[in-house]
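These notes open a run of structures that come right after.
The following pair of complexes shares a single chain, chain A, combined with chain B in the former and chain C in the latter.
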Partner chain A sequence: MSHISYPLQRKFILISFLLIPLALLALFTYYPAMRLVYLSFTSWDGISPVKEWLGLGNYIEIFTNPDLFGVFLHQIPYVLIGIIQNIVAIVFAVILNSKLRGRNFFRVMLFLPFIMNAVAVAFMFQYVFDTTNGSLNGLLGLVGLESWQQSWLGNASLVNYALASIGFWRFMGYNMVIYLGALQSIPGDMYEAAKIDGASRFQMLWSLTIPNLTPIISLNMFLTLSGALAVFDLPFVLTKGGPAGASETFLFKTIETAFQFNNYGLASAMSVVLLLFTAIILLVQNLVINRKGD
Partner chain B sequence: MSRKFDLVHMLKYVILIVGTCTVLFPLYVVFVNAFKNEEEGSNPFSLPASFLNFDNFANVIDRADIMHAFFNTFLIIMVALIGNIILGTMVAYAVGRIEFRGKKLVIGAFLIATIIPTITTQVVTFSIIQAMGIYNTLYAPILLFVGADVIQIYIYLQFIKNIPYELDESAMIDGASLLRIYRSIILPLLGPATATLIILKTINIYNELYIPFLYMPKQDLVVVSTAIMRFAGNNQAQWTNICAAILIIMIPTVLLYLFLQKYIFSGVTSGAVKG
Partner chain C sequence: MKKVYLPVVLLVILSVFITACGKTESQSADKNEISGTITFLTNRTDMIGEKYDDYAKRFNEKYPDAHVEFEAVTDLDKTTKIRVGSGEFPDVVLIPTIPNSDLPKYFAPLDDLGLNDRIYFKDYKSFENKVYGISVGATTTGILYNKKAFADAGITTVPQTLDEFYAAADKLKAAGKVALASNFKDQWTLYPWSSEIPTAIAGDADLNNNRLQSDAPYQLDNPYGQSMGIIRNMYEKGYLEPDINSTNWEQSKKDIASGKFAMYVIGNWAIPQVIESGTDSANIGYFPFPYDNSDKHNVTLAPDWAYGVNKNSEHPATAKAFVKWMLEDSGFDDFAGFIPVLKDKKPAVTQLTEFNSFKPKYLEAVSDDPKVTAIVNKAQITKEAFVQEFVLASDPQTIIDKYNAAWANAKKSLGN
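Here is the complex of A and B:
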């Protein structure tokens, strides 16, 4: 091998090192994405070789049938709680970025939920929210707020907030660690200079820290919003979409449409809609960030 | 001034302690209830009669097929990791070290892939897996964890930039082949990135629910996530048992986390693309 010229070796390496990874990428990411678009114009049932061409039929169905598009309303609580989650994460990151005894202990504790098994966490919270034996109702009873006790997962107007708060519990520490990493990369002498100029603690936070965090806030918001768009695990494990469909999400509906009702055409169109929304969020965020940079 | 400072300092601790208690509250309840008998009353906060009561744990291990689930999960993680490391380092070497036309296209193709949520394409992926004849085998999740989730490439690409090219050059002056440079210089120097990748991927795969659920419905192919789902489904509201199952499943990643936090934190900070 070492007798072959380097340019030839480079060609050899390029082809042999990239062939399999690119093939896998094409097979499991780009082919499915394109196939999804094609199927979204048909009425395929997942088995039959015949695929009837529907044109925009599936898309019209999605946007006009409130049972399909309307479930996005169920995901608003996830967005709201996700935004609060980011604000709280920034607060914790700013606190942990200051000189403090036990910093690492608190960081380890707050990040802990992120590494836990999602299904185990879901069942843990089923117990927390349980109406008769649950610890949340128990806690409310202890502090004299019996009137607040609830069937948290059985109440149609509360169930999505309850589920979204599980996401808050799991991911706040994750957002926090990302913010903390960004804070630590802001050079310390910028703060020194601001101090010399007589800036107050709040001024430093508002005009120095926050602007430096903007790209990371944007990244975290993308993760939060695209996560909120693609909520699936929690309703799937805990409520099966109930009570009476109140906690169904768009992805939940998509998976159900495909694998339970065998309407792959409609499900593909729903997946495409979801992918487009994700792309739009990303695009809008990039535009906003770039305009600020100019 | 110093009084104000103390107040702010106090407030910081109050906030941190409230946050920590919120994290620990549900875990405490699960912990104490995992050691209780069904008859020990319904107060979720009370301590168990004895922390040596392992009945619930024995019950879970016996009925939930937990050991089998751990074995399958471990197998999937091992094979998927080996695949990820080999393919990830190869791509990083080819793209990070060699100039060629279409390089930007290749990088872009991998990066865009990291933002497509894997679960949205399952409708089609499912038929691919079926057509390959690996539905209901361990190969299905392994192949998907290797081929469909490409976060490792992002981590390696970032890392390889920081390895000085002079190392490659001096090896070339000594007449080493590129394959040898990859194997004896680049691969070892990518070690820290590999450590990060191993931990993040292990946690990801360990926690993944939907892929094993969808592709391996067979009883024998149970993994950790599907085991607890079945168990909790068959034992509705038997909280003491479910708590024991939750604890058993949480312990491995918590231990991994506590011992290897350094790598996890650096990995999360550098590879924060796909959650």
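Here is the complex of A and C:
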């Protein structure tokens, strides 16, 4: 080894240390992703060795078949509730960032839902939303609001809001923690200066806190929107897409297409479309927020 | 693409080394000898460490040189399909949903077991006159009921016609019970209404395959419409759960066991599950579904998963002997509540004896025509979702039209 120069040795060590993680990354991330794109142009059925090349056929099918593309409408409630979720998260973050007795307790309480397993949460809410024995209808009955009792998961116009509210319950605390972290990084002397200038609490929130939070709001909105695009676990466990398909989501359809109808080619194309949509959202959001910042 | 293969090759080489290190047993045994260790991939996770230990011991007693190991997975079809597709899979598996024309690629023919004349569904998993899979058991579809619930509602005889069935449901409703647990929301539980009952009404096991000849296979007045009309009628009369969009399968088994719910339309495989949920076997009965007002009843006889033997197995003779042992000696069909797939073996389950006392005519299921499967997949028809939409729609004709249109489109685009 001694006849190899030091820089060469260094390079050798670097490369050999990187080789295994890079090989694993390539094997389990980039290779499957490239296969996915390739499969999206074929009519593969999941087992046959023959993969018939369809060109753009699968993509045309997605954008022309309202049964596939139309389910995005079911995901609008998730976006709406996601926006409310972010507003509420900011409010809670601001409140819990002030000197409040027991604030750590409240932070933990609000964050706890996030660490629970998604499927367990869905099962839990099955009992909450149950029409006859559910705790939500039970509570409404107890406080005398019998007229509000609903078939929460059986009403086609309500089901997606009911499901999205589970997402709200689960992710609000997570958003809040991110906002809290951002709030704590705003220097205290800026608030002091604002106070000296005679700013009210609301003025401080609106002109100081919110502008400082913008990049974090953009991050959280991205997480929320991409989450809303990729909802799957809640309808899968709670409603199986029902009643009569009202709570099917695009990812739900994708999984059904692949594993129930054995059309892996079309399902791959649907995954690619979802990926592109997420990228487009990210791009548009960045453009909007950057323009505001300049 | 070339660059992509390099890490793959490296990893394959690495894994070969690792597996090679793990192999200590020598594999020199004669292929025709019943010896060596085989593995059976199964979906019964609940039997691992329980009943399967007993099977392993008894199999070994019969064939002292042979051992069997069990591997259970919860998501059987998906897992097995992937492993079969990769070519590396256990000696004995339950054949996943692949076209019959692909069977010879992966599985060994089982004709030399000498069971062909004794089994139901000989042609179900066969290709070019060779049998590649034998069903682990057979199931039929009928009404599972709680005898005490019937007695409480003043029903003394089991309904034999559709009118009697509605009358019984009415009495059960009056007694404050849910007459028929549909498990509507869970969707999969609705399968009898879209396949088994229409087949029984038509009296033709080929009903589902005959859809190939039609551009509008669903009609309100044909077997499909009749069958779905019955559950729609049950829904409108309030004989199902109070809110059918909020049902819970696991809970419903307990409710049937306790008599809060009275009936299921379901396969006989559910009988042991309901009994386990908290009642005596003597309290649970089973009878053929009276889909019309005649006194004759057709019932379907459907296969379950089929045993298949890996054609590249190290111990093919042992694997085959194990399949035969499972069918003849293990007692698995009685344990799982199946009708034995061997025609000469009587079911031990008392509920099936009751069921047979009504002298139903069994329609032995035929395998799905791959063309029909292709149309169903292309049209993305989930047959249970069809039932849901049919029941919930204000006008069921619109749903019939929608599914017929999807069917005709898919059929046309596949060139049938």
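Side notes on the structure shown:
The working rule: the second predicted complex is superposed on the first by the 285 of 294 C-alpha atoms of A that agree within 3 Å, B and C clash if a C-alpha of one lies under 4 Å from a C-alpha of the other, contacts with A are read in each partner's own complex, and residues count from 1 in each chain.
Just so we're on the same page, contacts are C-beta pairs under 8 Å (C-beta built on N, C-alpha and C of every residue); 3 or more make two chains touch, one makes a residue touch a chain.
No experiment lies behind these values; they were computed from the predicted model shown.
In the overlay built on the shared chain, the residue A:130 is in contact with chain B and with chain C. By the touch criterion defined above, A:186 lies against neither chain B nor chain C after alignment on the C-alpha atoms of chain A.
Using the contact criterion defined above for the overlaid structures, shared-chain residue A:260 touches chain C, although it does not reach chain B. Contacts of A:289 after superposition on the shared chain: neither chain B nor chain C is touched. Of the two partner chains placed by the overlay, chain B and chain C both lie in contact with A:46. Between chain B and chain C, it is B that contacts the larger number of residues in chain A.
In the superposition on chain A, contact of A:154 is made with chain C only, not with chain B. Touch criterion met: A:27 reaches chain B and chain C at once.
Residues 22, 24, 27, 30-31, 46, 126, 130, 132, 134, 259 of chain A lie at the contact with chain B in one complex and at the contact with chain C in the other. Here chain A touches chain C in the complex through residues 22-24, 26-27, 30-31, 34, 46-48, 67, 126, 129-132, 134, 151-155, 239-245, 256-257, 259-263, going by the rule given at the top. The residues of chain C lying in touch with chain A in their complex are 4, 7-8, 10-11, 78, 81, 84-85, 97-98, 102, 185-188, 241-246, 248, 376-378, 380, 382, 385, 388-389, 392-393.
Taken in their complex, chain B has these residues touching chain A: 8, 12-13, 15-16, 19-20, 22-27, 29-30, 33, 42-45, 87, 90-91, 93-95, 98, 100, 106, 109-110, 113, 115-117, 119-128, 143-144, 146-148, 150, 153, 172, 175-180, 182, 203, 206-207, 209-210, 214, 224-225, 228-229, 232, 237, 239, 242-243, 245-246, 249-250, 253-254, 256-258, 261, 264-265, 268-270, 272, 275.
Per the touch definition, chain A reaches chain B in the complex via residues 1-2, 4, 6, 9-10, 12-14, 17-18, 20-22, 24-25, 27-33, 35-36, 39, 46, 91-92, 95-96, 98, 100, 102, 106-113, 115-120, 123-128, 130, 132-135, 138, 142, 169, 171, 173-174, 177-178, 180-181, 201, 219, 223, 226-227, 230, 232-233, 236-237, 251, 254-255, 258-259, 264, 267-268, 271, 274-275, 278, 282.
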